[in-house]
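Paired with subunit B in one complex and with subunit C in the other, subunit A is shared by the two complexes that follow.
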Partner chain A sequence: MKKILEVRGLSKIYGRGCPQCFESTGPEADTNICHHCGSVVAAHNVSLDLHEGEILGIMGESGSGKSTVVKNLFFDEAPTAGEAIFFDNAQGAQQWDMFALNAARQRWLRNHRFGMVYQNPHLGLNFNVSAGGNIAERLLMSDISHYGDIRERARQLLARTEVLIERMDESPKKFSGGMQQRVQIAKALATRPPLLYLDEVTTGLDLSVQARILDLILEIQQELRTAMIVVTHDLGVIRLLAGRTLVMKYGRVIESGLTDQILEDPQHAYTQRLVASAL
Partner chain B sequence: MTQPILEIDGLSKHFQLYEQNKLIPSCANVHLQVHTGQLTALIGPTGAGKSSVMKCVYRTYLPSSGRMIYRDGEDHSTDLAQASEHRMLELRQRDIGFVTQFLHCLPRRSALDVVCEPLVAQGIEREAARTRASALLGLLNVPERLWGVPPATFSGGEKQRVNLARGLISRPRLLLLDEPTASLDPPTTERVIELINSIKSEGVAMLAIFHQTELVQRLADRVVELTPPVAVSDILETCAS
Partner chain C sequence: MNPDYELPLDEAAYSFGFLDEYAKREVRRCILKAISIPGYQTPYASREMPMGRGFGTGGLQVTLSLIGQNDVLKVIDQGSDDSVNAVSLRQFVELTCPGIDTTESTVDATLIQSRHRIPEKALTEDQVLVLQVPYPDPLVLVEPSEARRKVMHGEGDYSRILTKLYEDLVHFDEITISHRYPTRINGHYVIDPSPIPRYDVPQLHQSKALVLLGAGREKKIYAVPPYTQAEPLVFDDVPFRIEDFTNAQGQRYACVRCGAVDSYLDEIMPADSQERAQKFWQCSDSDYCNQQLAQHKLLAGEAA
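Showing the complex of A and B:
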């Protein structure tokens, strides 16, 4: 299996930051707020490797920094420190030092090679255009411009994610929560990205809808061999989707391992408590 | 004498439970060898750590100490206790199969697709995989009307058969079997014995837990007996006195 993403020492501070920020926050300090300058250390020294076709889970409570990691990797935010290398094997084995690229190049990667599905559909979809239009937007950004081709590809994608084709010209604002997530997934997949980020995609949906979205994600991973980073606080989602898992607390990775090992033989006191709290 | 495919040397496992502030020993100082085309049986009373040894080999548990040397098809040795997560995933996909005591599988998948999983993961076409899965389910006496149904509602014995079929279908180099016949009726147990003997002759190495001595006698080439590890509090008392 080839490596597709390598992240080293990723850190993100909200606020002006000070030299004591990192040492005065974290699981031992039991806070992510630096008491010297009041900055929030959302992530510190996060490192991970992702291989082609693999699903990596990032698990932790609200505020643990798990979403911050994928937001940085999708260029929604810029990290305070750290390095990320994206290995683009489809493009003749190119390597991209992600955070050193200029804005145009980052936008290109985001539109062509990465996909993101947010917990909140408002972040991932444009509610002023139709479901089909949302997909067309992403295809246009990635250099497909023939109207007929775009419409046909949008139709295929919506059919694949089980969105009723008859509704492709309606705004997603009229859709149910589960349908909105399906449109987001279709949009993210439009450019056949080798790397997909999923941020709490099933949180807040009812159980039967959750199950079908998760099944869809697994099917897509098996069909397209898309590598994914799945951020969730839900142990069930981790168990179902992820082969390996990172556990985060106060912006730090406190434990990582094979998912079955994390769930059956957690090493860290916090993970033990988290696993014991599962319903 | 050929080299063993798996050699466990001084393996121990204990659980440190922070919430209860306890150290629970699970298995201690285990030595064993598994050879190609042979079956090593793990025996011993409940609580002796037999399943823990298996879970350590599969790395569902992180071993506390000891070495577990696995030799792959290219004669490379890997200490499973130290192997990287990606190496373990690769070995699980290609080399090492595990039939656990109870069936764990993806929900909402038909029995047939559950059995197909290992083949599909290796890149074999789903239709070809289904054909092989059907043959195996038939051989294990799983009624055909159940093949299209998710195993969630199956009886214990039916689940066990699906579990076995999934473990046997991809012919791993090393197969871990945790009480594979525990809830099977006598005719099906006989079928399983035939199957185990047949994959043995194909060169599959097996590490298996059995409770029936008769099965151990019929199937095992080596027998390793485990005894329950001594509780830490007992050690402390012995030291104190």
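Showing the complex of A and C:
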């Protein structure tokens, strides 16, 4: 299996930070706020590997830093420390040292190679343009400028994600939550990215809609061999989607391994509690 | 400061060109920068002028910093030399720049300040066109933060303007921008070419004359240097269209005054009429219209 993403020692501090930040926070300290300087250590020393076509789950309670990791990897925010290497197999096995790139290059990677689906459709979609327009925007960002082609691609993508084609020229404002999420997935997939980040995609949707969106994600993974990082606090989602899982608490990875192992035989006390408390 | 500088003969309390020499130098420096980076919006210290911002103060400051004793100035407002804005700006320049010449003829002018039109007659290498700009940034429609707009300009990221065009095509089957059509200069920066109609946009492409655009309220100067590419933003399969002034039968309206069928026309409805039949069309460029009329008279005279 080809590696697609390698993250080493990723850290993110909100606030000015001090030398004691990392020692005075974490699961042992039972906090992620440094009492010396008041900064929030959202993630520290997160390392992970992701291979082609693989789904990696990141789970943990709210505030554990799982979204922060994904936001850093999608260039929504800049990390305090650490490095990430993206293996671009589409262009003859090129490697990108992600955080060392300049802003324009990062934007290029983001538009051409990555996709992101946010929990809140307001972050991922532009509600002032139509559903088709949202997909067009992403295609235009990746330098496709043929109107007929764009329209056709948007139609295909929306059909694939089971959004009614007749409604593609309506604003996503008028759509239900599940449909908005489908449009977001279609938008993220528009450039056929080899790497997709899913940040709490099913949270807040009702169960039948959740199930269909999860089915869609699995189908896409089978079909396009897209590698994905799935962030969620929902153990069911992790169990269904992820082959491997990281468990995070107070910004640290406290346990990682095969999903089955983690859910059936958790080693860390926190993970044990988390699994036991699941409904 | 110009050492040879003398107060005008009337001993007015201001310099030639109203602005003091330092201010003019600063504007000229910004003009040079704007020409060096075609399409880039150069910030400058827009001065208070004795007229409201939005009345052409940006264009006026550019004009006043460039004008010299040997210049012949033409001021146009929507193609006309005689509308209020043009007349008051011309009078102001005449008042503050004693010794310069003004004209209404496009051919005779060396410096042309214009609001919302480019003259019909093609400009030459010896001419400079100054356009008054209300909104310099084409990205303002899609991105409210100026800091982020600057990054977008720097990276040449105009996909969100194109998304707007896409939406237009979806909803109306054509692009509905009638003026201020976003235009890419020299393959990178996209400018708002001031509220000139689509009809005038092709004139910017490989223009022989230098085109300077000045925004007074927004404090920006940008330029389309001579012989520079200026391409309106379009999709590969949807060509750029200009106004064609044809009626339902596909015939082109002619100017009611001079009969021209190759100029940009204003649609005029007499104020007291309710009937569409009384609508007529007239050249927007009054100098062009007059030239056409004079030529017809000449030809008629020869024939008689």
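Just so it is clear, the second predicted complex is superposed on the first by the 279 of 279 C-alpha atoms of A that agree within 3 Å, B and C clash if a C-alpha of one lies under 4 Å from a C-alpha of the other, contacts with A are read in each partner's own complex, and residues count from 1 in each chain.
Just so it is clear, a residue touches a chain if its C-beta (ideal position, glycine included) is under 8 Å from a C-beta of that chain, and two chains touch if they have at least 3 such contacts.
Everything numeric in this text was worked out from a predicted model, so none of it was measured.
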_Quick one: is A:S130 in contact with subunit B, with subunit C, with both, or with neither? Answer first, second, both or neither._
second
*Figure out whether A:L258 sits in contact with subunit B (first) or subunit C (second), or with both, or with neither.*
first
*Between subunit B (first) and subunit C (second), which, if any, makes contact with A:A100: first, second, both or neither?*
neither
*For A:D169, is the partner it touches subunit B (first), subunit C (second), both, or none of the two (neither)?*
second
_First, second, both or neither for A:Y147, with subunit B first and subunit C second_ = second
*asked:* Touch test for A:A278: subunit B only (first), subunit C only (second), both, or neither?
replied: neither
*Touching subunit B in one complex and subunit C in the other: list those residues of subunit A.*
none
_Residues of subunit C touching subunit A in the complex_ = 151, 154-155, 157, 159-160, 162-164, 166-167, 169-171, 235-238
*Sort out for me which residues of subunit A touch subunit C in the complex.*
103-104, 107, 126, 129-130, 132-133, 136-137, 140-141, 145-151, 169
_Residue numbers on subunit B that touch subunit A, as the complex places them_ = 15-19, 55, 59-62, 85-86, 88-90, 106-108, 120
*Spell out the part of subunit A that touches subunit B in their complex, as residue ranges.*
1, 49, 51, 54, 211, 215, 218, 222, 240, 243-244, 256-258, 260-261, 264-265, 267, 269, 272-273, 276
